[in-house]
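Chain IDs A, B, C, D and E follow the sequence of writing; residue 1 opens each chain.
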Amino acid sequence: MNKEHNKAKKFGMVIDLDKCTGCGSCMVACMAENNVPFKADETNKLDSITWMRVYKLTNGKSFPDADFCYLPRPCMHCEGEHGHSPCVSVCPATATDYSHETGIVSQIYTRCFGCRYCMAACPYHARYFNWWDPVWPEGMEKSLNPNVSVRMRGIVEKCSFCYHRYQLAKEKAYYEDRREIEEQEYQTACTQACPAGAITFGDLNNPEHAVHELKKNPNAFRLLERLGTNPKVYYISSREWVRLAGDNYLRQEGKSEKN
Amino acid sequence: MKVSRRTFLSIGSFIVGGAAGTALSPLPWKLTDDLSIWTQNWPWTPKPERGDVSYVNSVCTLCPGGCGLSVRKVNDRAVKIEGMKGHPVNDGGICILGLSGLQLLYGPTRVKTPLKRVGERGQGKFKKISWDEALAEAAEKLGALRAEGKSHTVACISGSAGGTVPQLLKRLLTAYGSPNFMSVPTMQDAYAVTLKQMHGIDACPGFDVENADFVLSFGSGIIEGWGSPVRMFKANSAWQDKKIKVVQIESNKSNTAAKAAKWIPARPGSEGVLALGIAHVMLRDGLYKKEACDGAAGFEDFKKWVADNYAPENIAAATGIQKETVESLAKEFAAAASPIALCGRGQGRTPGSQYEFMAVHALNMLAGNINKAGGVQIIPEPKYIAWTEPELDEIAQKGTASPRIDGAGSETYPHAKSLLNRLPQAILTAEGASPVQALLISEANPCYTLSDTQAVKKAFAKIPFVVSFSSYMDESAQNADIILPNHACLERLEDVPTFAGLSKPVIGLSKPVIKPQFDTKHTGDAVIALAKALGDKIAAAFPWESYEACLKETLGDKWEILNEKCFVAAEENIEAPLQFFTQECKTVSAEGDEKQYPFVLMPYDSIRLANGFIGNTPFLTKTVPDTVLKKNEMLVAVNPKSACGDSLSLKEGRSVMLTTPKGSAKVRVHLSEEIMPGVIAVPRGLGHTAYDKYLAGKGVNCNELIGPAEDAGSGLDAVWGIRAKLSNVSI
Amino acid sequence: MSTSVDQKKEVSTEVGDGAGGFAILFFLLGLVASLIVGWVAFPKLLYSQKNQPIDFNHELHIGLVDEGCESCHFFREDGTYSGVPKLEQCIGCHEEVQGQSKDEAVFVEQYVKPGREVPWFIYAKQPECVFFSHVAHVKAGGMDCVTCHGHIGESSSLKVYEENRITGYSRDIWGKNISGIKTNTYDRMKMDDCSECHVKKGVNQSSVQTGKGACFVCHK
Amino acid sequence: MFPFIFEWVWDMSHIVFMGGLWYALTIIGLGMTYCLIKAIADTAGIGSGGHHHHDDHH
Amino acid sequence: MDSALIPEGVKRCSPAKFLIFLGVVGAVLLWGVFAMLLCWIKGLNQTNMNDYYGFALWIWADLAVIALGGGAFFTGFLRYIIGKDELKNIINYAVLIGFICYSSALLILAIDIGQPLRGWFIFWHANVHSMLTEVAFCLSCYFGVLTIEYLPLILENRQLDRVPFFHNLSHNMHEIMAVFAATGAFLSFFHQGSLGGVSGVLFGRPFGYREGVFIWPWTFFLFTWSAAACGPCFTILITKITEKVTQKKLVKDNVIELLAKISGWMLATYIIAKILDTWYWASVTAPSKGFWLLDFYSNNPFYGPWILVLEVIICGVLPALILITESGRKSKTALLLAVILAVIGVSLNRWVMVLQVMAVPVMPFDSWYMYFPSWQEIATTVLPVAYGVILIGLSHRYLPIFPQEKELNPID
């Protein structure tokens, strides 16, 4: 291994649900950055590709005690045990992979042949299938980003933590004879766009990065931790019911467990 | 035919040999490989071209927010809109609409060349014409009207009143001889009237929300797009960090209410009463800032009036809020060091009730926060456009002296600058020919955004000549006779004065990021060309050779810095003496009979639905939840406990007829615990009939179900809802 | 599997009359024919031949510039690679026709004067799914151009561009040799060639699946 | 699938999996080759003389 | 007309009747082919699958036909390895049914994947950690074995058998059939198991996830076992149907009863293991992930607890009891009922292990969604059935499938 690759990074996110307003900027920033296609009718949310999806969580109570909260869900880039995230090990053609260097679950779209096993494996529904050919209205292909390839029909895709931005940041660093990049040089499109500043992105292993401290917040939790997926996206909420909505609990289990 | 044994054997051997040889050659293997590579490079899957990357700064004009943009380009393509770091309004953040702005720029809904109507009005049948033809035809029509002495029958609707382009349009009308320049009213107009009445000055409000430590919002969609959206999102995050209490008063649990520390679901329409109830407690218990209020004009009368009429126990029935809640709210508000009360419902795109604005503003005055940190800032109107008054010929003098069609500035509504909401009625009630013989529409879509759209369309049908400057084929452009398409946002140069409740307003410069994609013309240039074609004194009033020259001259020493930074600070706040009021305004109630219409329908705003002149982009519509839109059907939110008669049972997803005194529409029911029983929440921003397949035909335009409610105080549209009923869909 | 063979009568196995010889002859005929089709005709049919719009003399130019290949194929300030030069880089010297060559005249007349970019065919163009960082290889990795691009810099004329009719790839990606065998590092530019070097040098060998590079090292 | 392919790794999982696979393929392949060659030989009258005896199987 | 092709000593229906039969079933086949082409040309948007139901009708059909095709490997195993000689009278048909099932499974897989032209990547770029890789490899290899087992049968056609080379080839293949059968049994064991592993290893899907040994979850073994138990039941069922349609007795009762008896004991032991597995999963595995049994079955209109009762008790315990008792096997009605229930049971098990795994929401704020196949999915699923019927028709008409047919139906 070259020296510069010795220090393993673990890119992750901390999303402050108290700040998240559910405005959807992260979703659109992601679509615009990553050339996500759209159809005339996208109201069937079961076949609508949104790498970043904002879920609405409700506390199930009646008016006027009803409460709700938004929860943006990118790919969790699960580490599982030693990088065996739920989706990576099941891919029969090794089209998706986990990198120990960055902690990112990567994918080769051109390798994927569309068996959808990874989608079955992902409990977060973070993976999407291209049921249709991606078509842009005439003229609108001009807005496509050349740093991300357009995915063809018949394959699976998902959030990449805007890995191309990492590649570009590294290119700039190499040009300037640097081996490391700064925290601000690699930020995902959703993080950058979030008008509420609710998303923080960085290297969870690096004490100098903001996420390193934020993830230790006593109100921080991850989605479905009990499954052992070991996700790299953390959420913060001051509301207990929201924190409890992040995982499944048996009826007899005290609600105090996650205080 | 009997194949001989030998032939059979030979052919067989040849085939076997061929198969063996083929297998030993690269043919099958390379072909298999290449076919799979073909699927990886299907020619119909776009491959975006790579190239030089650059960033161009500009300012967003898709809403009044005035955010700074940083647009990423690859060669000559704009590929991504991002927020400008260091911009005073948004500092790197950006809203969902701004992010998808390239879809408007490159989208199929653009008007690509000047168009002339060939079919019936509203049919959407146009033919392409050249710019020369289009301008000549418009000038000829306008010239003819002027020659007939009907110059005052020409009106103009502009999306906003500020900035050089609206001012050029206004100047054109003045020099031509018409007083009828109208802008699309928003809560800013209601606030302007409020400030005029309560401080006696012409000014705009600024809200120093960043420094407030208690926020009392009367239905303002703080994170729904109110004010300058990104700035408000950032303020909301700062409040979360600093644990600042926000109290949201609203019958529907909006996103703002969900983020607020406290949600008070008051009866819809009673917000003003509630504000005065709070004022009552503050005055009664001496909790107001005495040094600010004592001795102010009308204070004693106000005090007595409020004491007599707005005791918390007396307003409980009207507001549905218990006495104790009002008491504690008043105490908390008064106890805060820098509290602020906000109003303007939802995004504040409709002006609202004057009574409510004044009542809420009175709370700010009582709290002594006028022109204080964390309070309401009184900011003068922008003054950088200082052109010499145009010289008027005889026709123009006569024309501009005639009364405005909308009644703004008349004795009844002396403070109003324009009352667009009164225009359709004025046209429809006029005897004989329409009082508007020609209409220019710029950056506005009245056929979609005005209340009672059916009436608006009827009124439009009576106008013989309509010119649209729209960049997009919207509902109003579709009803025009001639379309003179403007460059879209990011294609054009334009000054963007941004107030939008900013405590430190800015003047931005929207710079062209890319070359115009189609055969469009800057509206500023089109106006100058029209003026030149009309000749004489009208032409003389427009001495500039182009819009760019005009803008450069207008901005003077600001030009250079604007070009460099894209923004400069506007004027600082000004002194504002307090003037209290007593019974000048009345509350606005929902139209319709309570017995016949058991529900109250309220439109609600969502940041994911653009509801103004700009229509939703495909990306935006993609984010709309399936509890709002399912296929082409709109869902309205209703509390499952709502009483709606025996004949109808509310069920999730059920199709029902929603009827109001203004019209009816088939919608689906979304049961929600986040809304007060008896209220129906209808999303604003759906139901377009124009645009493209990504927007047209989805849902119902709520403005079709709601009629305008003229505010007795300001004359502005104060409608906030209407009575409604739900019934079974007749088969 | 037979269970009824038992009842079968004996079957003659006589072939006789030299049919066996015929069979062998036709077998060989088929074999040879298909081998010729597969090895000779097929590659000819598979690739279309395209001449570059104008010829270019690398050898001549490299003698005139100071910084070798990077003089024209340079890095931009953000570290991205500029690739094939744009017209503006050539215009400095080629505003007017230089020398006698016919291509030179065509270049100036048809491209420089109207300001039209030359639609070069790029031999080494990787497909859309590939992210390749020149700066990582040249600056950080210290590699030279020849390793991947061969001795194009020493050529005095541009070779014919061959394009795969099915995939649209340049033939240089798969390699000139139809069987895909390479003898030099620059004979082929497939994923395996990238990976071979990466494995040897130990670059980004971080995949949990293969212990080699993960997808996003080279793919986008 | 083959050692020269990118995804091939010389580890236990590959040895067990691919070992099993190639073992099965080899048996199938060898079995079929044997049958074909023997059938050709039988037909050409080499070896057993082309007449097999029917009592050698059931 | 085609009498020269029909095996000696048996009677077949008239060519006209046979052609009508082919025409009717062929029309259904063409309908399926049309739907298949739609899926290939226009893409999988022709189906009602979505991002929540990424595996749907087809994968169920795949798993089901493979389980039902298990009769081939298990009967082969019993006949060649264990030495149950009587089974030679049904092995041909078991092989044919297996061949149909497996070729259908491969065809469905080729339609089901989003990029059929890249399907070979599963072999080339194989990820040996994926259950699906194991499925693909073993499935295709085993299909090869089935072809090898089916081939001599084709060569025994009266006309083909006259060609000396074919005759010799068929003879030689028969000689070493035990080797192929053993390899087939080995491959089958693994791919039936790995199909079970497909959902068993999904640790993000608590409904499907099972603990197990080494890399194999319990479902791995349960799937193999259930296929061995229910596959022969399917063979019996199809044999009975064929007898009904041809109005002839084709296999002697003692053969059927032997197979039924073995199936019965396999089913009985399987269902005990299945109950143990369910119990352990419901009381240990699932609760550790925050679910208890009824969380998986309530709150939705379709996947109720009935599905568990039907699968385990009615279609598991009941047929097992019938088949392990001699009177049960001897009664024609009871035997038929038992094999039908067993076939339904194993199909239902595969349905649950594919569709319900997808349907159960894992994120607490997610919902149950229902799925209804589109006509294209139904047509492509019917396609292999039509193909199977045609192949059975052709094979029965022209090949000596049933060794006992002549004896049982002597021609006067």
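Everything below uses one rule, namely that contacts are C-beta pairs under 8 Å (C-beta built on N, C-alpha and C of every residue); 3 or more make two chains touch, one makes a residue touch a chain.
Owing to the predicted nature of the structure, the values given are computational and were not obtained by experimental measurement.
S.K.: In contact with subunit C and with subunit E at once: which chains are those? Just list them.
M.R.: Common neighbours, subunit C/subunit E: A, B, D.
S.K.: Centre of all protein Cα atoms: which chain's centre is nearest to it?
M.R.: A
S.K.: Between B-E and A-E, flag the pair that has more C-beta pairs in contact.
M.R.: Taking the two pairs in turn, the one with more contacts turns out to be A-E.
S.K.: What is the chain whose Cα centre is as far as it gets from that of subunit B?
M.R.: Of all chains, D has its centre farthest from that of subunit B.
S.K.: Provide the C-alpha centroid distance between subunit A and subunit C, rounded to the nearest whole angstrom.
M.R.: Computed value for the inter-centroid distance: 36 Å.
S.K.: Just curious, how far off is subunit C from subunit B if you go by their C-alpha centres, in Å?
M.R.: 54
S.K.: For subunit D and subunit E, let me know how many angstrom lie between their CA-based centres, rounded off.
M.R.: 26
S.K.: If I count partner chains per residue in subunit D, which residues reach a count of at least 2?
M.R.: In subunit D, residues 5-7, 42-43, 50, 57-58 touch at least two other chains, as defined above.
S.K.: Where in subunit A do residues touch two or more other chains at once?
M.R.: In subunit A, residues 44, 56, 58, 89, 94-95, 110-111, 133, 149-150, 152-154 touch at least two other chains, as defined above.
S.K.: Give me the residues of subunit C that touch two or more other chains.
M.R.: 3, 5, 8, 13, 15, 78, 80, 127-129, 209-210
S.K.: Could you please specify the touching residues of subunit A with respect to subunit B in the complex?
M.R.: Per the stated touch rule, the residues are 16, 18-19, 21-25, 27-29, 31-33, 35, 38, 40-45, 48, 50, 54, 56, 58, 61-64, 66-70, 110, 133-146, 149-154, 189, 192-198.
S.K.: Would you mind writing out the residues of subunit C in touch with subunit D in their complex?
M.R.: My answer: residues 3, 5-6, 8, 10, 13-15, 20, 191-192, 195, 209-212.
S.K.: Where on subunit B is subunit A touching in the complex?
M.R.: Residues 39-40, 42, 44-51, 74, 77-83, 90, 92-96, 99-100, 102-103, 105-108, 223, 229-230, 233-234, 236-237, 240, 253, 255, 258-259, 263, 265, 517, 607-608, 618-626, 629-632, 639, 641, 672-677, 692-694 of subunit B touch subunit A in their complex.
S.K.: Mind listing the subunit B positions that touch subunit E in their complex?
M.R.: Subunit B reaches subunit E through residues 32, 35-36, 38-40.
S.K.: Applying the document's contact rule, which stretches of subunit C touch subunit A when the two form their complex?
M.R.: 75, 77-80, 127-129, 131, 133, 135-136, 139-140, 201-210, 214-217, 219-220
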